[in-house]
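What follows is a single structure, written as structure tokens, with notes after it.
Letters A, B, C and D mark the chains in the order given here, with residues in each chain numbered from 1 onward.
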Amino acid sequence: MSISCTRNFFERFCVEEYNIDTIKHSSFLSADLLPSLGARINQSTKLRKHIISPFNPKYRAWEMWLVFLVIYSAWICPFEFAFITYKKDALFIIDNIINGFFAIDIVLTFFVAYLDSHSYLLVDNPKKITIRYLSTWFAFDVCSTAPFQPLSLLFNYNGSELGFRILSMLRLWRLRRVSSLFARLEKDIRFNYFWIRCTKLISVTLFAVHCAGCFNYLIADRYPNPRKTWIGAVYPDFKETSLWNRYVTALYWSITTLTTTGYGDLHPENPREMLFDIFFMMFNLGLTAYLIGNMTNLVVHWTSRTRSFRDTVRAASEFASRNQLPHDIQDQMLSHICLKFKTEGLKQQETLNNLPKAIRSSIANYLFFPIVQNIYLFQGVSRDFLFQLVSDIDAEYFPPKEDIILQNEAPTDLYILVSGSVNFIAHVDGQDQIQGKAVVGDMFGEIGVLCYRPQPFTVKTTELSQILRISRT
Amino acid sequence: MSISCTRNFFERFCVEEYNIDTIKHSSFLSADLLPSLGARINQSTKLRKHIISPFNPKYRAWEMWLVFLVIYSAWICPFEFAFITYKKDALFIIDNIINGFFAIDIVLTFFVAYLDSHSYLLVDNPKKITIRYLSTWFAFDVCSTAPFQPLSLLFNYNGSELGFRILSMLRLWRLRRVSSLFARLEKDIRFNYFWIRCTKLISVTLFAVHCAGCFNYLIADRYPNPRKTWIGAVYPDFKETSLWNRYVTALYWSITTLTTTGYGDLHPENPREMLFDIFFMMFNLGLTAYLIGNMTNLVVHWTSRTRSFRDTVRAASEFASRNQLPHDIQDQMLSHICLKFKTEGLKQQETLNNLPKAIRSSIANYLFFPIVQNIYLFQGVSRDFLFQLVSDIDAEYFPPKEDIILQNEAPTDLYILVSGSVNFIAHVDGQDQIQGKAVVGDMFGEIGVLCYRPQPFTVKTTELSQILRISRT
Amino acid sequence: MSISCTRNFFERFCVEEYNIDTIKHSSFLSADLLPSLGARINQSTKLRKHIISPFNPKYRAWEMWLVFLVIYSAWICPFEFAFITYKKDALFIIDNIINGFFAIDIVLTFFVAYLDSHSYLLVDNPKKITIRYLSTWFAFDVCSTAPFQPLSLLFNYNGSELGFRILSMLRLWRLRRVSSLFARLEKDIRFNYFWIRCTKLISVTLFAVHCAGCFNYLIADRYPNPRKTWIGAVYPDFKETSLWNRYVTALYWSITTLTTTGYGDLHPENPREMLFDIFFMMFNLGLTAYLIGNMTNLVVHWTSRTRSFRDTVRAASEFASRNQLPHDIQDQMLSHICLKFKTEGLKQQETLNNLPKAIRSSIANYLFFPIVQNIYLFQGVSRDFLFQLVSDIDAEYFPPKEDIILQNEAPTDLYILVSGSVNFIAHVDGQDQIQGKAVVGDMFGEIGVLCYRPQPFTVKTTELSQILRISRT
Amino acid sequence: MSISCTRNFFERFCVEEYNIDTIKHSSFLSADLLPSLGARINQSTKLRKHIISPFNPKYRAWEMWLVFLVIYSAWICPFEFAFITYKKDALFIIDNIINGFFAIDIVLTFFVAYLDSHSYLLVDNPKKITIRYLSTWFAFDVCSTAPFQPLSLLFNYNGSELGFRILSMLRLWRLRRVSSLFARLEKDIRFNYFWIRCTKLISVTLFAVHCAGCFNYLIADRYPNPRKTWIGAVYPDFKETSLWNRYVTALYWSITTLTTTGYGDLHPENPREMLFDIFFMMFNLGLTAYLIGNMTNLVVHWTSRTRSFRDTVRAASEFASRNQLPHDIQDQMLSHICLKFKTEGLKQQETLNNLPKAIRSSIANYLFFPIVQNIYLFQGVSRDFLFQLVSDIDAEYFPPKEDIILQNEAPTDLYILVSGSVNFIAHVDGQDQIQGKAVVGDMFGEIGVLCYRPQPFTVKTTELSQILRISRT
């Protein structure tokens, strides 16, 4: 239970962290739904009866279902607004079913616990939940769910009136769920940042294209003189063509303008359309700049690792060629750099150094204690001393044929071989002689360290080896 | 009084800092108005009689009012220049009232003290103020305020002549007030950098669109053959259409060109218009590049915190999974990283380290002295020693269930619990036994430090705790 | 043999490193061909009979030849698809010859060893090679090579049918070879990163333009009413014009849309074309943002060195002018900075510091041992001690007329002159007197260090000198 | 003479540094002209008779004059190529005069010393100069200067033939002088990097527009059917209109395409024009991306200082408000940060730390020795000791009302007041009493340091003060 509790706590932090960040950028988004960061959810905290945890897998599935409905709403809303002149039965029914789901969600929200942002505790007091919801999104949610069209039928109004259409646009308020989903996914390292970001940008672009197309069509549709409209100038009898053709034309106009291609075959013909176009183009300017800015950001981040690798290798080879180092040393340098880039991420070492001492000790203890325990030199040593020794150990990978110790070098460290194998080579009478071999679990360099003499051998790896280094204490 | 004086001083620096920066970028802007950085203004320095401080709240309100008038001028100037063929009475009167306000400001400036950029002192000597103003902006201000049109009426000229129109464009000189306002707001951390920057870019874009539209219309209006103009080719009788229609058409052309959409329904028809268009498009190329450059800059800055968080968490989890660390340690690592990102800004630690020692001591003293004073270990210790001890204290947050001290670890630090609670756990006979609890104000780790023995207990937080660490001295 | 083995190993790492990176970005690319990083390939590992090493120069030439064929295929595929209504004999034969080459490659692949990504060993077991190939790309390769058109002739089908055309588009699968080539070249420091990147971006752009042009033509060609197509509206009898004219027109339309110029002389006329255009413009938006992002990335990297140089020089000169330093010191500062930027890359020092101790010792030993050995002070000293001393030596360049030691300075280092020459200058009775000269191989500063007295002379370089510094041990 | 020699040397480095950099980026540019970096040129090295130094002010003036002529050539070359059908006398003469100047320069180059890139010495051996020039740019220079048109007149050819026109385009080779000028200016810190970069980008853009316009006109002019050309379709009798109108129309088309506005009123009408347009648009795509990339780079650099300031202030104020620090400390923190940003550039401290020890000592000695000499505490101390002491001194600015020493603080440093004034305040019986004052040249903090006691007073600045800090040695 204690582990699940920790996780739970961890989740709360992430949510909070996320909240802080979002609020800074835009006050629209709310993030009281799911924790981010890919924490393994295992919520076992007991809540009151009839109160649902926001981390409940079933509740999450329900939320994903709502997000799916929201996407449908976002598409159908402007479309109905512009193209559908009389309510078709099927659409009418589907709309109301969807409204029904959202109505259920409003009711449900009164039974969902929430995370208090100060105490990091799940609040399951029904009164507090109610007060919080009523004072925040309740009004908006109700407005975006209210079935204005059926209501209008009751009062014998004509459902296709502009007023009701505009009211039905309130359903777009539901989009906040999608934006909060994206904000959460961006923090979640289980997902690729690049694709999340791209999907978000593409969604925004598509939605902008769709909305602008629909709205522009509506303006043309309502204009008194159909021949003086952007679509009527080219297709004089556009109101008779199929819905599909009109929709594609509207989208085509919209995307031609958004990408600033501007063929000009369809263009505003009257001041009303010009005004709309002015605002749309201003918006496009911002959107394009935002897309490019994001793409640049992603490209820079993408290539930074390859860049850094290239720069390091270039620096090493420039140094080597300027100083005419022998090929032997040059190869060792390059293969060491390659190995380092492969085995270590860019920020790994830095991240570990910033952890508190106790965690670092736990890690070292877990990783190195069993190995060090079996070293003959440490047989009689007390557990406590070993425990302290282990905290100071560094692990490193060495590519094959790399020197670890040079003969006659000042002894500063003691090495333990964890994997791979090394040769002891002594330079005697101008020739390199292999004096011995160390296998996994062996220790070397201890003669120098203990007797305080220069290293008697050169130690060279023969294959990829992992080696622990204990500095002389 | 001393505090207000410090603040006053602080303001002056900011103004100066701001000046330096602006001058580098463009020599147009002047920044002798308000201090930046959101300093709480509390100007109490006595000035001579009849001399107003530039930090006087009333004078600032006056300046904001002038900025408002400037924005109106910036809009009406090109508009009158291009569209208004005969002076309408209302506009004529409004223009002259506004001119009146700016005339008052010119007179007022002779009574406003200024900040000397070398001594950082408010100069209230009327002679010096006069000399400084006369030698800098006075001539420009007078030219941009002089009522050329009323004067022309006196001499029986026709007010719609091109010469006078161009003279009235001098009023755009007033825009320097707006640009200096933006430069100041960018430095002011009370405002969101992103929105300031966006507003500035949008303002510049709108002003460019407005000016280009007006000027392009003027060229068409003046061209001998109205059918060979950009607007006349499409609307042959454009001079008879309403002012609103003509203005919207001009704006529409302007923004179509600026966003490079270029539908082509309105396009230059004669060399004069082509020439204007060439210059406008060159300008647009630069403006678009500038907009995108700024947006990229903002996006990169925006996402840098999320990025850094993601990279750190990814590095930690990669390390954990590669070394197959137990879940317990993994959770501690991740929750510690989350907490760190939440409690500390990116540059906070670095900023504090760069402060001089006396300030750092003051802060430590203010924050930790009352706590340390009550520790039983320090009961008999002299105030002076405690004072010095306090300077070396570090405060850190620990998430719940995190180990602070591991059993058998080498003792290096001594901890004081400020908030939260911790358990002492001893690993006896293969089982973890809770040996005790520490509450707020308790100290732990002291046995190890004082007796120089390995820590006898593991110390684990049970809730979010703030802990002070004193290194062994 | 051992060196070649190391290199071989090194190659493997690079391949692996490269794999990791590619997989992250897109799972399409495979990189089992050549090692990157410009390693001097000298593969001498013995493989089984009839098994070819992937690093075999002949095999690489074969691969380059295939890449060349792929480029041709990538161009001809969409072109045939759209423009060629009946199979011309020449093209038919060329296509099948190319297919033949790729068929040979499929067979060959069964005899090429591969690098195991876990053990970093070349696997030459024919069974394993077969299993691996069958389970990965085999199916795709066969599909992209199968001669559908000749097969169709066998069964008396008409080769120009749309179905077979689409099948022949499978040949584009071969493009993965090109993308894997680019991914490898980007890692290879023998090539300029900028040009590789540019070539890649231009290739992608050209291919997009070509494909879109061909596909758009096909839509027009197939549309029932040729006058209601993008090309037919302008050239009503376009089907009779020459192939060249039609291809240029298609390309022209394509690039006009891609660059968002959008003249509008050719534009979609029917919903089918509009739909295609919508997708193409969405793609263009992404591609343009990607191009700009890459260019920004390259420009930033390009200018970073000049930037850094400018900033450093500016910081130095600002400091000098603010403190009114004499010209003498100012010149020394600036020339030292210039020299440093010339002799050292940006990351060189950092790179060297990250190498393991043994490699650093090898380098120092190789570079400095012969020089130090000849110094009179170290004549009687043991080889071992010298060996350890050499590891601590720093080498630095000094521009002429720069002070290395100031008279009366605290002695901390001992210097050895490697190239150039220096003067000893003593300030006696208010005058600078040249007391001596040191030539290559001389040591100076030793009086101060050994006797622990302030330096008796100022030491000034007379020409560009390289100097070793040994800190007092 | 020695100073001028150093400078001379310094210049050479800069030239070399610049060479390295340029060669990497593009092999077109040569940089053997002037040194960069704004070195005060004072070339006094004696050269052989009749040999001119490249740093000779007169030679530089000559080069600037040639650059001016090159700009004219760059404009007139494509213009003549496209628009001038028969040689007008004035142009013909001017062209040949300009050719004459360049012919003189070719002769002159044989007498100009050059910098050897290995030895950094001016080579004034006429043979070496001749060999170097003949083997590098000589052939190109002769080709770009040869008066093909006058020659053609000799042989009775018609000067307007296409062949000779293309030959006259060789004159564009001269542009390498302009690009090398820009490369040099970018390194020169006397000029604003932003404006140099902008001018370069604008020049390239204008040249591209001009060339494309001229070339496109030539294609139309040569096309057999004038009505099927981009200009003929709109102005059927375009060959009769004035040169000015045709040139403006060509430029207008060119810039409409470059900015991707693409009105479409002028667009390619035949395959030849389409082909040209395809290449121009591909080029535009690259150029636009390059412009935006550069602008982003500049914007990021521009705003980095304001950014860094904002981030630091924000970090400080967040810390203060979270810990509810008293206003007193908060003000001290903020004003210290402001002052630091004002007095120090971003990289100043870092730059100084990278200088060698001797230069740092010289600077410290120059700045602080006179002050320290007059301190009463150091009256009897030897010059040598003071000299060493001075090297360890740090100077810092303190804003007014800032604490430098706190009462009871551990004494670690000793302070000397250079400018401003400070108060000694003792906290006695719960009240702050001013115990004394220090004026310029006084020392404080010495009681604590010498007697090793806690500081007896708080020391607070009363105005902006510069203070030297000597750490306890």
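A few notes on this one:
To be clear about the criterion, a residue touches a chain if its C-beta (ideal position, glycine included) is under 8 Å from a C-beta of that chain, and two chains touch if they have at least 3 such contacts.
By chain, UniProt protein names: A, B, C, D = Potassium channel.
Every value quoted in this text rests on a predicted model; they were computed, and no experiment measured them.
Comparing the residue numbers each copy contributes, chain A and chain B share less than half of them at their mutual interface. For the pairs B-C and A-C, the larger set of C-beta contacts lies at A-C. Taking each chain's centre as the mean of its C-alpha atoms, the one that lies farthest from the centre of chain C is B. For the pair chain B and chain C, the distance between C-alpha centroids works out to 39 Å.
Centroids built from CA atoms put chain C at 28 Å from chain A. Within chain C, residues 260-264, 288, 292, 294, 296-297, 300 each touch two or more of the remaining chains. Chain A makes touch with chain B in their complex at residues 2-3, 5-7, 9-10, 13-14, 16-17, 20-21, 24-25, 37, 39, 120, 186-187, 189, 193, 257, 260-264, 267-268, 271, 274-275, 277-278, 281-282, 284-286, 288-290, 292-294, 296-297, 300-301, 345-348, 350-352, 354-359, 361-363, 365-367, 383-384, 387-388, 391. Residues 192, 194, 202, 205, 244-245, 248-249, 251-252, 255-256, 258-265, 288, 291-292, 294-300, 302-303, 305-307, 309-319, 323, 325-329, 331-342, 396, 398-406, 408-410, 412-413, 454, 464 of chain A are the ones touching chain C in the complex.
Chain B contributes residues 260-264, 292, 296 to its touches with chain C in the complex.
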